[in-house]
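The structures considered in this document are given below.
Look for chain A in each of the two complexes below; its partner is chain B in the first and chain C in the second.
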Partner chain A sequence: MAVGAASGRVPDVESLREYERRLEETTLRPVLVTSSWYWVLVGVLLAVIGVGVYAWTTQLDNGLVVTGMRDRVAWGLYISVFVFFVGISHAGTLISAILRVTKAQWRTPITRIAEFITVVALVCGASLIVVDMGRPDRLLNVIIHGRWQSPILWDVLAITTYLTASVIYLGIPMVPDVAYFRDRMASMGHRTRAAFYRFFAIGWEGLPGQVKALSRAVGVLAIIIIPIAVSVHTVVSWIFGMTLRVGWNSTIFGLLFVAGAIFSGIATLVIVMALLRRIYHLEEYITKVQFVNLGYLLAAFTLIMMYINLSEYLTTGFKLEEGEEFLFRQLFLGQFAGLYWFYFIGGLAIPGLIILFKRTRTIAGIVTAAVLVDVAMFAERYFIVISAQRVPLLPYEPFDYMPTWVEWSIFAAAIAFFILLIAVFVKIFPIMAVWEMVEERKLLGRDGESAAPAPDAVRGRS
Partner chain B sequence: MTIATALLIGVVVVLTLFFALRVLLSRRVRGGRKEGSAPSEDLQPDEAILSGDRRTFLKVVGIGGLSVLPAVALPAVFNSEAGVASTESPATGPGGRIRQWTMIIDLRSCDGCQSQDSPPKCTTACIEGHLAPEPMEWIQVFEEELEGGGTRFLPTPCMQCQNPPCVNVCPVGATFSTPEGAVLIDQERCIGCRICMAACPYDRRFFNWSDPPIPPEALLADYSPDHQIPATKGTVMKCDMCPDMARAGTLPYCSQACPNGAIYYGDLEEDIATNGREIVSVSRFLTTNNAEVLKEHLGTKPRVFYIPGHGEAVGRDPFTEGREPTEWPWVQRVEGSQTWSR
Partner chain C sequence: MKGALRWLILVTVVVSSLASASSAARADHLDAEVSAPQTVAAGEVVQMRVVVRLADSGARVPGAVVVASRDASMLGIDGTVEIARSITDRNGIAILRWREHSGRSDTVIVAYAAAGEVEFESVPESVVTEGLGSQIVRSNNGVRIPGLGAWVLIALLVGVWAIIQFAMIGPIQVSREAEASRTIDHAGQEQVP
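Take a look at the complex of A and B:
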């Protein structure tokens, strides 16, 4: 009604319906229309995964001797990639939970994408742990003989809990959107597909009671998932922090890993959302606002990361206990110097500057910054894991670890699996939280003075 | 030990979460209806449908929440056989007290077998006795620089820590401390995660990166963590302090093989140790000779003690001008050859 007066862009009920309809069509399009490029992508990804699977069978046959790891450096690329993946899984938590709790409204169009990333990254990360095991056939020993005193068990508990919570947190807010898919599929005569969506829609009819229960559940989940997410990367860091090794024996590791996780999570989200926006023409919904705001967060985290680095390396470097000098030399001057300075300059300083200056604070600039951050964070995970193990603990020559083709193939397969899962997800589930975006629009309207629009605007059967 | 507690905590946490969510949700629905935030609509007519939906909804949330339960409770359920793999019953000394095995390495008598013109005998005897797979050296001898120049030799078995970082981090209790004070590994339980290797501050753990070569006689052995024969792919191994040999009344392979009698083995409880030639009182021997442990500041409390020295008791000169660092023959051995073949 007469709400337009308050601020120019507040919609009335009619244009709200129009907006919703457009939005629904946009989210439905990837599910209904698949270009041949999609199949090309899937084919390439499957090929890469195939190579990785072949590499893994080689490893299963011959043992971990086919990797570059040996007794002196017993953890290598696999563990680094695991840490990296669990890190980017924090994208979802930050965007959908922390920003939801703080009521940042620009986040709604990208919450779904962020939650996809969370679930998919956790699946990829967890599988790498199995790949790294010397005896994957004894995986169940962790449950049969598990000791709660071990950091590994903390990880198992934290990651399974986080995965469960993330799946629920992905599924619950998706219920109304899936219900729309269900209705559309039914009306188009796709019976199996409709049945599929009926399962995920758990009887959603858009009744006011359901709406209330849903928003309440989402609110509760958003709060529950924050401590879970923080705990996950904290205990991942404690796998290293609970040892006496120079370079790992640090009290700040939990903080460093959680901050790094959110940092790389934001970067991954920026990249994925830029790609999906481009491919599925979401420009109307995912605008520069999202990029700029995530860019600001990214810039803030570059400073946080620099601060934690300073704090870690100054407190240890100042005292220079046994072994620290060796660590510092290889990190800042020696064989890890390239990685370290790329991380510090290319991954922290330059992305911060790109976002600082208005001229470069464009979508392209922010995506560039995000790519730099992701690569740099991977480098960081790698040198944190490897460099500490390279410090000799007894009088022997340091061992130089170099990943073999098996490790690189499995690494590539993990990345491909990550992309593939997102690609599959996009084809099945709504990529934007239509329901929440409409709610948000409605709230904008209500801020004027009009009464709430009829509840069936949320979504009844059409 | 804490089976019941862990189970209880798991169940209570999950149930609390479940009911908290339930109460919150139901209150919300009731409150919402009372307030009637949607006055323009007819009030929700059908109570049955509403509560039915809510129930389905809650069921899904609840089942999701419950799926966390197994991770919480399962180890406790299965753990009835305790976290520790089985070994023989501990050896006892006078008065029925449990033996506390210890090893004392007298560096004054160690010349790295330079006088023997051979690789260190302790290392080779250990490899042959345990049929340890190439290239593991459970008791490895390092040549270490001394502060004033020159070198000394340092044989390093597993330190058998009494505050063992490896045992503390093992997720499955495959590595464990025995009542006799040794740290053993159960290769039938080890999952090969290698966190113990990351945690060991002495780098005294070795991994079977590939299928270890199994000599025929190893197949006859009855596997026990006490001797770790036969070796298994994908598991961790290390010096086990030969508790089975001690129980049988013999010295470990390394001690037996040392031509200079540098390795003493004994029982802290009975305060006695021997290198096979002389018998010493452990406490007097350690104190009067200023015994040390490696990396004492870490607080790992090793059971392996060192008497400082550089081979002077066997006439070794630490300063040998222009000598290249010692390289043991098997460093250049071709790949695939087997150390235990003799």
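Take a look at the complex of A and C:
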């Protein structure tokens, strides 16, 4: 029990040690204890992935004709999910890098989860590009025959750079925590596990020189990863925006995509955070503070997204060229109207209202808002990709795209793969940034401010 | 009564004369004299000069609509694509201009009709394009800003990767610090009797 913290005074040495011990035990628990529910979850996820793999082999055998895509709608569900995954990968960048740079201390307990999401989402997103290729054996042609002038090559380079930087940015701050795992496993006699963590701990002993070197590396990465992340989703938007197709031919697509990415990234972080908090009893560390602050960010982004939508559609709609008229009819009144209005009302307006009112600004309310945002943002990715391709470029009948069972199976497998990777990550690596949390608590004590609220107080509030 | 009848006959004669004159004008065939470069390079602007005359008298026809088109096929649909359109000046001359994107040799159909006519007469004109095979070519009118090019992207990428590599020095230093610490500990243990 953190006595000093509970009373709002400077935490004494004993309470700090107790806090650190409790935190380490909490972080270690998922690694040591595995419930039967976990294996059930893994089994279900593997089954879904298995169906997806079967669907993919069907596609490899028969070609892309087994999908709903044709020459007039050549990008379908796969590309929509790819854009969605790249979007939610911004969770790590925002929470971990931007908030680290701005020294927002409330983000420390959720940093690691955010960084997990980033890496996992990027892996899933990149996988979908391979699936979308009719001939994945030609994947390397992008590099071999790539042209510097091509947005496709820019996208490959941006995503590769972002994935590399994200993996390093996930790994480096984890070194002290992995070192703790190494020591604990060795003391408990788990030789293989200890050897595994020894490899990743790179000899961490908490020496002053090591702390300095690690802090500098994290600082450099935190700054460089922000422009990389922004570039990634901007370049993804340019794949669409650098065509003359109605609906994609937009100058603010980069802004729309980056804002949407951060928006859906926060929402995904809230959902994953809530699930892990419930499953691994992290209520002491992940409190209502994190949910409410992320909720405020979500609310701000609902307004930003509304503004960008207004700016985009009003300027094109005011002139309403022939193709735009077709697009507007199907988007606001026709085939895609249900998706669009769900996105706008269910994904922007209602989440904003939930967070606006104090009565609904609870953990449950914010998680509900986050779920709505994520579903709506997926819908947005879908109608952005599909609706523009439905606008005829020549006098032919518009083609109505509908994903087939192959695409739905691979989509489900991608989501299952995402959840599985998160589930595996939390079973191997420290779920929270223990070292950073303890260091920050020490700093709080030194500055004479009140430390994090006591567990009982936190539970009472949430 | 007689006067009215006389007026009726007069009006009928005038109207029928005008109508026959008009139909005679419509019935006149037009001829077009097309002059165009026989060979152009892919990407070049083709300029075609068309002189439209009345077939009977050879008089030049001002205000005639002249259209250049060619057969095309896309997405399994065959059709005719208009590539240029102009109107003859008072000398009966129309100039058609278009950029030749296609690398193939092709026949351009030049169709023409007098002002107000809906039925076009046409004449085929062969245009041979040389250069880039069937590839669609890049416009020569691109804006080239001095200093900007792919090298900027390459430099940016190299810079970002250099910073990432620089950050990787951190873990290396952590590892070296640990080795140094172990060496000192080891030396200290050896000194202890």
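Side notes on the structure shown:
The working rule: the second predicted complex is superposed on the first by the 440 of 462 C-alpha atoms of A that agree within 3 Å, B and C clash if a C-alpha of one lies under 4 Å from a C-alpha of the other, contacts with A are read in each partner's own complex, and residues count from 1 in each chain.
Going forward, a residue touches a chain if its C-beta (ideal position, glycine included) is under 8 Å from a C-beta of that chain, and two chains touch if they have at least 3 such contacts.
These numbers were taken from a predicted model, which means no experiment stands behind them.
Shared-chain residue A:W75: touches chain B; no touch with chain C. Residue contacts after overlaying the shared chain place A:V218 against chain C, while chain B stays out of touching range. When the two structures are aligned on the shared chain, A:H145 is found in touch with chain B, with no touch to chain C.
Once the two complexes are laid over each other on the shared chain, residue contacts for A:L394 go to chain B and to chain C alike. Contact with neither chain B nor chain C is seen for A:A97 once the two complexes are overlaid on the shared chain. Touch criterion met: A:M242 reaches chain B, while chain C stays clear of it.
Residue contacts after overlaying the shared chain place A:T161 against chain B and chain C alike. Taking chain A as the reference chain, the count of touched residues is higher for B when chain B and chain C are set side by side. Within the superposed three-chain model, A:L207 lies in touch with chain B and with chain C [touch as defined at top].
When the two structures are aligned on the shared chain, A:I266 is found in touch with neither chain B nor chain C. Applying the stated touch rule to the two superposed structures, the overlap between the chain B and chain C interfaces on chain A comprises residues 71-72, 148-149, 157, 161, 164-165, 168, 171-172, 202-205, 207, 209-210, 213-214, 216-217, 220, 224, 394, 396. Partner chain A is touched in their complex by these residues of chain C: 74-75, 77, 150, 153-154, 157, 160-161, 163-164, 166-171, 173-175, 177-179, 181-182.
Across the complex, chain B is touched by residues 62-65, 69-72, 74-75, 132-135, 138-139, 141-153, 156-157, 160-161, 164-165, 167-168, 171-172, 202-205, 207-210, 212-214, 216-217, 220, 224, 239-240, 242-245, 248, 389, 392-396, 451-452, 454-456 of chain A. Considering their complex, residues 71-72, 148-149, 154, 157, 161, 164-165, 168, 171-172, 175, 202-205, 207, 209-210, 213-214, 216-218, 220-221, 224, 228, 394, 396 of chain A touch chain C.
Put simply, chain B touches chain A in their complex at residues 6, 17, 21, 24-25, 28-29, 32-33, 37-41, 44, 49-50, 52-54, 56-57, 60-61, 64-65, 67-68, 70-72, 74-75, 78-79, 83, 136, 140, 142-145, 154, 156, 165, 168-174, 189-195, 197-203, 205-211, 233-236, 298, 300.
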